[in-house]
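In what comes next, subunit A is part of two complexes: it sits with subunit B in the first one and with subunit C in the second one.
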Partner chain A sequence: MKPKILWIEDEATGDMSSFAGPVYASMKYEFVIAGNASEGIRRIIEAESSPFLAVIVDIRLQPGDTEEWIDYFGQRGKDPKAARLGRELLYWLFKHEQANVKLMDKRPQWIVNQQHRFGILSVETKEELKKDLDELGITEHVTKKEDTPHTVLLDMIKKLVPKISNPARESEA
Partner chain B sequence: MPPQIDINWACVYYESLTTFLVFALGLPALLFQLAMPEIRYVLHRRPSTWLLFWIPAPCLAFCCMAFIWCFHPCPDDSLSMRKCEAASWLITVILILLVVWSLFLSFWGRRLLIKILRFRITRLYDSNNSIDIETLDDLIYLGEQGKRGNEKKSVLDELKKLAEYVIQSDGYDGSVLDNVIKGVEKIVANGKEPGCRDDFERATEILISIKNHLNVQSKKNQFALQIPMNQGEGLVLTDAHDYRIFHKVLSSVQKKTKLKVVELADKNDYRIVIDVLRDICLSAVKHEFTSTGKDCVEAIVPKSTALFQIGKFAFLEGHHFVSLVSLNKLDDIAQRQLKFKANEDVFNLLGLIAYFWAGGESSRKQAEDYLRDVKDMFDPSFMVCTEAAIEYHRTFPHYDTADKLLILLREYPF
Partner chain C sequence: MSDCSNVAELIEKLKQVDLPVGYYVVEKDGRFLYANKLLLDLLHLKADNYLQASIADKYANPEERKTFVDIVLGAAARNQQPPKQVISFTVEGREIFVQDHCWPIYNPPESQKLVGFVGSLVDVTEEERYRRKLPVGVYRVNPEGMVVYVNQAMVKMLKYGSPEDIVDKKSVGELYFNPEKEKEFSDLLKEKGEVVDKKVELVKSDGQTIWVSASAYPLGDPKVDWVSREGVLVNVTVEELYRQIMEYVPVGLYRVLKKDGKNILHDCNRQFDEMFGFAPGTANGQRAEIVHVSPEDTVKYEKAIRDADLLGQPLVGYVLRTKKQDGTIIFIEANTRAIHKRGESGTEKGEIIGRIGALRDITNEVALREQVKEFTEDFGAVLHEYSSALLMLRESTDSALESLGQDPFPKVGEITPRVADQSLSEPVSKFIDSLIRLRSQMSVNRQPANLTPEEFEDLDNYQVLLKNPEKYIPEPALRLPAIRDAVKNILNLLDKFESSSQYQEQIKDVKRNAEEVLRICSLIYMHKAGNAILSLGKQVRAVRNFVTFHIREDRRDMHFVSKLIDQAVSEWADFAHIRNVEIKLDYIHPNVILNVSKDDVVRAMANLLHNAIKYSWERKQGVPPWVDIRTRVVQKWVHIEFEDWGVPIPADEIKNDVLFRIGVRGRLSSDRERGGTGVGLADARRVAQRYGGDVTIVSRPADSKGKPDNYKQPFLTTVTLRLPIFSN
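Right, the complex of A and B next:
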């Protein structure tokens, strides 16, 4: 089995093919893209029997079709920058009591104390997110800029998944 | 002295009344003619919906008669200021109402008609647990003929509501929505008026939500499928539909490898939704809607045949991102087994990799790197699997794919 990777990313930004291309070309990961917060949560919940080895989250996300996300997004003027649904998603996973979006109480078991599997790839700088990163216990963060190399996602995955679990491919890793 | 009724007055009165009535009757016909052809077609098929256009007729006729009545000569107080004022108000309000109604019909008539059709389908579904095909066809026709963007969106939105309604109802058995699924394809992926990017995304969203629901329903069937797969024994048939051809193709491999054929029951409850997702994906790739193509590919997993078809089409059309995503998904499926067995999933994977191999230098490099990583995972060997894949694709007959595989077999340094 290949390492399972989840990227929760607002596809409207157009980063999808430029950042995801190198990951697909590597052929080393079972790579799943969730295009909004609702789908991201759904994928995380469904992964209980086969967890993701790395999850990379964008801060600016669209809400998707879950009522709670849509409501919160609406309260924030339907502005992804103001709503920061990626941040809310991470708070729901790791600091449930501080989350502004109240989803179901039961969270997936596989994410408990697994902050090291999570990374953030967003336009927000580390300074802007410092408080949240400290609070959530997430250390891997990369800021998207104009000159960000298009291998940034692959590089983040390599950091988050230090040991490739596929024996046939260990030699290359 | 007030004017008295005489023959002249009666003639004028009669003529005016007739003119107003003819106008009142002609107005709906005029509005009807101004409607788009597809709306006229649906209205012709459903006389009950003509009411939309005929509502103003009796109102207008009544108001005209009332207006004339105001000027009707009578012995006392004829043509007083009060009556003139009332008549003026009346005629002004009539004109405003007519303009509002006409504008309403021109802007919202289509939407109103679509809502009426959807309402009728859900009402009939409540009473007999099946979808009224005739009404659904009309609804789909409006979407098919509608312009990309808002016109298609309004039909797709109603189909989404209909699908949600049916899925949430108790009587849903997995096949009721087949015509809705096919209809979604007709609306966005037709040659005459294909949808825009948003239409494709919306259509994909509907299909994925139906597929997710069906997926949950068929979990029990898949359990039987997983036992032999986990044990890593035998040839796994994932597609009962192609069983006969598949069995014939594999008999030679079976003799060589002494593998046992295991017949598995896959009820393919969601075959139609997968087929439609594949077709929408092909159409999206053609229109360069890469994101939709990727979404469809994700949704189609684990149907390797559909993934292969998308990957091949995208590769040949030069949309290499989508073909690369398909190749990844085929690899994901193959890697779920301990070894790459000689089965349909692996044949499809090899079929697609053969296109990469024969495509050009860069895509060949991609294929080389990949095969170097996985060639030891084949059991039986990579060469035997490739030979079996050639037979498999030749039998279907995917001659072009079989030819590409022959090139791979000839040129790969085993």
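Right, the complex of A and C next:
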């Protein structure tokens, strides 16, 4: 069984599709894409019995079909830049009390103290997100720029699972 | 003063003349010594006993007799003719008013020994009643400052119940909100001999204040240290409140009137004074040109006022360069209306004799506008550079496409993931077959390939993926980058194979096939880039037009609406082709003419058409999507409708008008596959509103039975551009 990777990114099949190429091409991962915040949370919750080894999150996300996300998105002028739903998603997971979007109280157990499995791939710079990264305890962050290599996603995954030389075999073991 | 020193002699003389007025002689205490028949009739006195009566008994307010006598004696003391005074008498229970013109009688004549009075009485009841019913307050004050008469209008004005509540009970100072002001009024009266239309604040019985315009004249000689007076009051509270508000509104108000060929400032408010650095009240009387920077500015400004006046309108929003008294230049926004003389026929306007206006200091705004204009021009130039760069990029992609050899794809048009899959299918199969052949040969001959076990595993993985990409990559859009990467990675691994290998030919074959796969991938990417550049170029142009909207000249001309639509359609014909969307012109009124700026309206239409193309879905399998354009004429308006069948616009977005906010895109439309800047609708509405029109949106389920909140179904969206018809 291959290790599971989750990429929460609303442009995964659009402008960011080239980032997915190397991950698929490697054939080493069970690669799951969530196109919005609602789907991202759903995937994370459903992974209780089979957790993700790495989760890469974009900051500017669409809300999807969950009422709470839609409401919050609406309050922020339906502007992904202002709503920063990826940030809200991470706060709900790791700093529940500070989250602006109040989902159900029960969060998945597998994410507890697992910030090291999470990375952020967004247009925001590290400086812009420093406070949040510190608060959340997330260290892996890459800024999307015009010169970002198309292997960035795969590189991040490798960093997030550095001790697994052959993830597929490790996972099976 | 009577010439007769002897009262009896005077009476005898009076008896011998027959004057057509009532006249009398009384002792100094007012007791009658003589009255002619007219007077007896007037006062209803009887000839046989009137000598026992006193004229003072007839006074409606006996206190007034003293005031009357004082005034008469005061005048006599100054050798002046005593004034005629109107007195209220009560006769048979009825109030009458008489005008009493009376002289004192001294005996001997040159002495100060007063023995009586001789006078005439004229019945002025009718005139006085009219005066008392005037809708203005009328009052009289005695030399002690007590109010001795008020009319009903004044009683009502001051909210008292009756004249008796004031007369002899209130000093005039008590009626003033600030008694000091009463002294000022009185002093002014003494100094000027009359006071006309002086604004005074009085206090009503309920404690509230009232502003009146007071006019008064003295009874007696104002040069002496006491003055009784009579006057009228007009309630000007509302006007005064407005005037006070006008003093503090942040707008300079003024009036200019021509006098002896000069424009003279009048009625300048406090803000006007402050705006131009005058001491309070000192702008009035100055020449208007004192605030103008140059005679040319004055001429231009006055011409603008005349031009507006010819159209029957005030001059609005005129930016005038002016100067303060210290020479500082300030910019003001002038809103000015011409003042006319009355025309000769009495109805039409005569010549312009002045102007009235409101001024606003916009110096900071002008500076800001200049900055914005500069910034806008700079930004426009930057966007122009972008457009040029994009044009160059487009040429580069075209050139690159040509250099990539035979191109199986159409020059314009979107390459869908399905088409990409089909195009790659055969080259990828050939590549995999050649790779399998190579590896099987090597395996049979046990030829080392210089690869690590991990690299062998990678090679296996890539091979598995390329044999069946649909199985491992369910999302079609993601197959192309994965295939490209897998092939490139295999090529990298092939480089590690033994260079002296006996399988050079097979390796070359694999590489040749790999290059074909990568060539097709490159072609697809170059087409995508070319399309994206085309779309981006249009967006940059839209943003540039939007940003520079206000600094471009508004060039209006007559245009057939059909021609404007044709031009908008031609703007996006390529894009529609790329999207495989057909543009249908349903019914376009051929003769509707608009008086508009062609560039702006075509751009507005193009914006709406672009959206309609972007958000169109295929209505039937195998039938390309289409957009309908049609016009409707509603009274004096033409409605140009752009209708698509596809992406819904949620009801709340329409209701809250969010789509017209700059930079905002609908939540169901904000994917980058449908590029957009979020300025198109805002720009279109701004253009429409420049002509008094608007842009409106209706979006409803394409299936009339569909639930209006189910946004997964196709919606029929109609965006209407409404513009005024010049002629039809």
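A few notes on this one:
What we mean here is this: the second predicted complex is superposed on the first by the 158 of 173 C-alpha atoms of A that agree within 3 Å, B and C clash if a C-alpha of one lies under 4 Å from a C-alpha of the other, contacts with A are read in each partner's own complex, and residues count from 1 in each chain.
Throughout what follows, a contact is a pair of C-beta atoms (placed from the backbone, for glycine too) under 8 Å apart; a residue touches a chain by one contact, two chains touch by 3 or more.
Just so it is clear, the model here is predicted, and its values are computed rather than measured.
With both structures placed on the common chain, the touch criterion links A:21 to subunit B and to subunit C. When the two complexes are overlaid on their common chain A, residue A:1 makes contact with subunit B while staying clear of subunit C. In the superposed model, A:140 makes contact with neither subunit B nor subunit C.
Of the two partner chains placed by the overlay, only subunit B lies in contact with A:30; subunit C stays clear of it.
Using the contact criterion defined above for the overlaid structures, shared-chain residue A:150 touches subunit C, although it does not reach subunit B. A count of residues in subunit A touched by subunit B and by subunit C gives the higher number to C. Judged by the document's definition of touching, subunit A residues 11, 17, 21, 24-25, 27, 33, 166 lie at the interface with subunit B and also at the interface with subunit C. Subunit A makes touch with subunit C in their complex at residues 10-15, 17-22, 24-28, 33, 62-63, 73-74, 77-80, 150, 166. Against subunit A, the residues of subunit C that register as touching in their complex are 454, 457-458, 461-462, 464-465, 472-473, 475, 477-486, 489, 652-653, 658, 664, 667, 670-673. By the touch criterion stated above, subunit B contacts subunit A in their complex at residues 205, 209, 290-291, 294-295, 298, 321, 324-325, 327-328, 331-332, 335-336, 366, 369-370, 373-374, 376-377. For subunit A in complex with subunit B, the touching residues are 1-2, 11, 16-17, 21, 24-25, 27, 30-33, 35, 65, 166, 168-169, 172.
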